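Structures incoming, each one as C-alpha cells.
Shared between the two complexes below is chain A, which has chain B as its partner in the first and chain C in the second.
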Partner chain A sequence: MKALRAYAALYLAFLYLPVLLLPLFSFNASHFIAFPLSGFTLQWYRELFADVAMLHAFGNSLEVGAVTALLSTVLGLMAARAVTRYRLKGAGAVLGFISLPLFIPDIVLGLSLLLLLGAVDFPLSLAAVVLGHVSLCLPFALTVLIARMQGFDRNLEEASADLGEGPWMTFWRLTFPLMLPGIAAALLLTFITSFDEFLLAYFLSGTEATLPVYIWGQLRFPERLPMVLALGALILLASVVVVILAEWTRNLGVSKKSVGA
Partner chain B sequence: MAFLSVQKVSKRFATLAAADAVDLEVPQGAFFALLGPSGCGKTTLLRMIAGFAEPDEGIITIDGAVMNGVPANKRPTNMVFQNYAIFPHLNVFDNVAYGLRKEGLGRQALRARVEAMLGTVRLEGLDGRRSDELSGGQRQRVALARALVRRPKLLLLDEPLGALDKRLREAMQVELRGLQKSLGITFLLVTHDQEEALSMADQVAVMSGGRILQIASPRALYERPNCREVADFIGEINFFHATVKSVEGETVTANAGVLGLLSIPKPNFGFGFALGDHILLALRPERITLEGGTVAGEITAASFLGERSHYQVRIAGRGEPVFVAASGPAPPGAVMLGWNPADMIALPFGA
Partner chain C sequence: MATENGTRRGYLLLSPTLAVMALAMAAPLALLVLYSLTAAPGPVLAGGPSLAQYGEALARAGYRALFWRSIAISALVTAVTVTLAYPMAYFVAFHAGRAKFAWAIALTIPFWTSYLLRVFAWKIILGYGGVINSALLSLHLISTPLSALLYNPFAVVVTLTHAWAAFAILPIYVSLEKIDRALLEAATDLGDGPARRFLRITLPLSLPGVLGAAILIFVPTTGDYVTPSLVGGPQGAMIANLIAIQFERVGNWPLGAALALASMAMVAVTAALFVTAARAAVRAVK
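This part shows the complex of A and B:
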C-alpha cells in the first residue's frame, strides 16, 4: 500500500514536474534555463505579444484547428449516424479503416500524405495540413459521437417523422439537441488534437507555419527560448481549460439517466 | 371503400414473410384491433401503415388516398409507440406541442390546444415534467396526447398498454375506449392480449405467421372462429375429432367417438363439407356442465378463480383432459359431462 502510494507520487512528479518548469522559467529574468532563478519578469510575455510572426502562426493554428474540428465533427456525425442507424454491410471494416490513422505512426502518415499530395499536385499549404489533421482527428470524433448516438432509441426519430417533421427538422429539433454534448466534446477534442499536432503540420504546411512548427523553428535561437517557454505556458493553460470543458460537456446529461430511455 | 384499406400487402425480411398478402378494411370511426402472437407481423404491418416501412407488394389507402411512397411525415396517421418514445430533452408540454409546429398557432392558441389535450388525457399540471420524472401510465398518456393533439384521421397504437401493470392496464382500456368513442377517431390497436382485443375493439383481425386468419366482431370470433388456430388463440377451448355421418334438413349428425353421435345445427358449419369428412368439434369450457350429462369422467385438477372454477376432467378413451369452467362447487365423486350440441363449433380438420 505504501509502495503503491510512493509509486503514484513518483509517477505524478515525473509526469508534471517538467510541465510545471515551463511556467516557472517563463517568469525567470534570465536567458538561461537553469537554477537558481534570477528574478521575476514579464519581459518574455511582452516579447511574445510583440512577435508578429508568432501571432500569425497562432492565427494559422486557430484557423486549421477550427476547420479541422468542424470537418471531422461533421464527417464523424454522418459516419456515426450511418453506423448506428442502418445495418450497413461492411460497416465494421469501414470503421476499422477510419480508425487506422490512430495506429499508423504519424511519420508514416505524414510521409504518405506528402507523397500523395505531391502526386496530385496539391500545394503544401494550410489546406493540406487540414486534410492531414482531419484524417488524424476523425477517429476521435467518431468514437465520441458513436458512443453518444448508440444510447438513443431510433423510435424517437420515427416519432418525430410521425409528428410531421421531415429529415432536416427532425435533425434540428431532435437529433442535434440530443447529440449536443457529444458534438461539443468532439469539437473540443479534435480542435485540441489539431492545435497540438506538429509532425503532419511540419510536413504539409509549406511556407505557412502553424504554432508548433513556428516554435520548433524558434528553438534554433537560444535567446528566444524564454519567449517560447512563455508561449508554452499559455498553451498549457488553455489546453487544461479546454480538456476540462470537454469532459464536462461530454458527461452533461449522461448522469441524468441514459439518453432516450 | 373503407377508410383504411390494406390490399394484398406483403413484406419479406430475407426469407421470412412478416406480412403475407394481408387484406384489411377498417371503417371510419371504428376501434379495430390487430391480434396475434408475438412475432406474427403486427408491428411490421403497423409500420407500413404509418410509413416507416414500405410494402414489397400491395397497396395501402387511407381515406381514399394511396399511401405507398408517401413518407411518414406526410401521412394522416399518428402512432403511439410500444415504448412510448417520449422525447427525453423536452418536457411534457413541449412533447405534446412538438407536432403542432406546422399549424403555425400563436402562443395563446398553442397553449390552449396543448392544455386541452393534457386535460383530456388527465395530465393537467404535469406540463413541466421530463419523461424520466413520469410514471409508466403517465408516459403512456403523454404518448397518447402527443399523437391525438394533431387530430389524426387514424391513430395507430402498438401494444400501448403492454408496459403497464394489470390494474392500470384495465383502467386504461376503459379510458382509451371512452376516448375513442368521444373523439370519433379511427383507432387501430395492435395487441397480443386477446382479452384486451375482445374487450376494447369493435372488430378484431386475428393474425398468425404474417397472415390474417379471421376478421370479425369479438363475439363472433369467440362464438364462430373459422379455424382451429383462431379458436385456440381466443380463450380456452376443447377440440374433439369427428366424422360427418349424415345431413337431414338443418341438422348434421357427426360421430364424435367417445362423445357418441351428436346432432349439430348446420349453421354451425362455416365451411363446405361432405359426408364422411373428418372434422373438428370445438366446445368452450363454460358450455360444459359437470352434472346431468351423458359422458362419465373424473376430475383430475381444479382451480378456484372466484366466481368461477376451472376443472380438468379425464374421460375414458381420450388422452387429453376436457376443460370445464363452472360456477359453484364440483359434485363429489364421478361427474357426468353434458352440453348442448348447438354450442359445438364445427371446424375443418387440418385447416
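This part shows the complex of A and C:
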C-alpha cells in the first residue's frame, strides 16, 4: 500500500517535471535553456506580447477553436439525440463511422484532406482547418453528449408531452437545460482539442498560421526559445483554469441528476 | 416509440453530421486511395489503376525499415505506457479515497498543455546543452555532455510515453472503477490471497480498459509526426516523416498515399493480432 502511494507520487513527478520546465525557464535571464539558472527576468514575456505575428496567430486559433467547438457540438448534439432517442437500424455502424478519426493518424487525415481541397480548388485557409478540426473533434463531442443523454430520464419528456407541450417546447424547456452541462463540457473539450491541434493546421492553414503552427516555426530559432517557453507557460496556466472550470461544470451536471431522477 | 415517423426524424437528425463526416473524412480518404492506385506523379488515376506505388512502398529496404521501426517504437511505447499507468490507475481507483477526484484532475492537467511544447520540453531535457547534461555538469558528475540522450529511438520512446500517459490512465481507471467490489470480497471470503484475487478477478475485469488504452495509444503513435521530427533525428525517424516528405518535398503524392495506406493497414493488422492474443492469454490465466 505504501509502495503504491510512493509509486503514484513518482509517476506524478514524471508527468509534471517536464511540463514545469516551461514556466521555470520562461523566467530565466538567459537565452540558453540550461542549468544553473542565471537570474529572474520578465523580458521574455515582454517580447512575447510585443510579437504581432504571435498575437495574430493566437487570434486565428481562438477563431478556429470557437467555430470548431460550436460546429462539432451542434452536430454532435443532433447525432447523439438521434441515436439515443430513436431506435435506428445501423446506429452502431454510424457511431463507428463517426469515431473513425480516433483511429486514423492525424497525418493521414491532414494529407488526404489536403488532396481533396486541392482537387476541388478550395483554398488552404482557416476554413479548411476548421473542416479538418470538426472531423477530429466530432468523436469527442459525440462521446461526451451520448454519455450525458443516456443518463436522461425519458419519462420527463413524455410527461411534458402529456401536459400539452409540443416537441420543440419540450426540447427548449426540458431537454436543452438538462443537457447544458454536457454541452458545456463538449464545447470546452472540442475547443481545447482544436486550439492545440498542430498537424492538420500545418497542412491546411496556408498563409494564416494558427498558434501551434506559429510555435512550430519558432522552434527552429534558438534565440526565440525563451519567448516560446513564456508562451507555453501561459498556455499551461490557461489550461489549468479551463480544466478546473470544465470539471466544475461536469460536477454541476452530476448533482443536477437528482432533478432527472 | 419507434414509429415510422419517429425513425425518419431520427435519420433526418443524423444526416447533417453524416454529411460533414463524409465530406471531411470519407471523401478525402477515398481520394487518398485513388491516389495510391495512380502509377506516377500527376493526374489521379492517369493510365488506369495500378499497384505500382504499393510495390515501390514495400520493395525498398529503407522504407521497410521505417515501417518496422514505427511499429516497434509504438509497440514499445504502448507496452511501457500501459504498464506504468496500470498501478497509477489502480491506486486512484482503489486507494485514493476521498482524494479520488483531485487525483483525476491532477493526472489530466499536464495533457492540456500544448502537445508541441510537451514534446519540445523533452528536447530541452535530453539535448546536448540541455537540462540533464547541464545539471550533471554543474554537479560535476560528468565532464563532457552526454550526446547519446537525444536524436535516437530512445528519445522518441521516452517522449511518447510521457505525451500519451493520460490515454492509458483514463481507460484503465474507468474499467477498474466499474468492477463490482462485492466480487473482490467474495474472492477473499472463498480463500483467494491478494495476488490470486488480482489475477483472477481484477486483471481480467479491467482488461477492456487495458486493451482500449493500448489501441488508443498504439494506433496514433505509429503515425506520429511531431515527436520523431523534434527528438528522433535520422535514427529515430518514423513513417510519418517519410510520408510528409513525399508530399511536401518530393511531390510524389501517389507514393505518399500508398505509404500512408500501407502503414494504416499494417497498424490495423498488428492491433487486431494483439487484441486476439491478449484475449487468449487472459482466458488461459482464468
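By our rule, the second predicted complex is superposed on the first by the 246 of 261 C-alpha atoms of A that agree within 3 Å, B and C clash if a C-alpha of one lies under 4 Å from a C-alpha of the other, contacts with A are read in each partner's own complex, and residues count from 1 in each chain.
One rule holds for everything that comes next: a residue touches a chain if its C-beta (ideal position, glycine included) is under 8 Å from a C-beta of that chain, and two chains touch if they have at least 3 such contacts.
What you see is a predicted model, and the numbers here were worked out from it, not measured in a lab.
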Query raised in the report: Putting chain B and chain C on the same copy of chain A, do they fit or clash?
Result: fit
Query raised in the report: When both complexes are superposed, which of chain B and chain C contacts more residues belonging to chain A?
Result: C
Query raised in the report: Regarding the shared-chain residue A:A147, is it in contact with chain B (first), chain C (second), both, or neither?
Result: neither
Requested in this report: Give the angle at the C-alpha centre of chain A formed by the C-alpha centres of chain B and chain C in the superposed arrangement, rounded to the nearest 10 degrees.
Outcome: 100
Query raised in the report: For A:L245, is the partner it touches chain B (first), chain C (second), both, or none of the two (neither)?
Result: neither
Query raised in the report: Is A:L4 contacted by the first partner chain B, the second partner chain C, both or neither?
Result: second
Requested in this report: Would you sort A:L178 into first (chain B), second (chain C), both or neither based on which partner it touches?
Outcome: first
Query raised in the report: After superposition on the shared chain, which partner residues are touched by A:A159: those of chain B (first), chain C (second), both, or neither?
Result: first
Query raised in the report: Rounded to a whole Å, what is the shortest Cα gap between chain B and chain C in the overlaid structures?
Result: 7
Query raised in the report: Where on chain A do the contacts from chain B and from chain C line up?
Result: none
Report task. State the interface residues of chain A toward chain C in the complex, per the touch definition above. Result -> 1, 4-5, 7-8, 11-12, 14-16, 18-19, 21-22, 25, 32-36, 71, 75-76, 78-79, 81-83, 85-88, 94, 97-98, 100-109, 111-116, 119, 131-132, 134-135, 138, 192, 196, 198-199, 212, 215-216, 219, 228-229, 232, 235-236, 239-240, 242-244, 247
Report summary line: chain B contacts chain A in the complex at 50-52, 71-73, 77-79, 81, 83, 85, 87-89, 98-99, 101-102, 131-132, 146-147, 150
Report summary line: Within the complex, chain B is touched by chain A residues 152-153, 155-156, 158-166, 169, 173-174, 177-178, 253, 256-257, 259-261
**Report entry** Residue ranges of chain C touching chain A (in the complex, touch as defined)
**Finding:** 1-2, 6-7, 9-11, 13-14, 16-18, 20-21, 23-29, 31-32, 35, 44, 84, 87-88, 90-92, 95, 101, 103, 105-110, 112-118, 120-122, 124-125, 129-131, 133-135, 138, 162, 165, 215-216, 219-220, 222-226, 230, 240, 243-244, 247, 253, 256-257, 260-261, 263-264
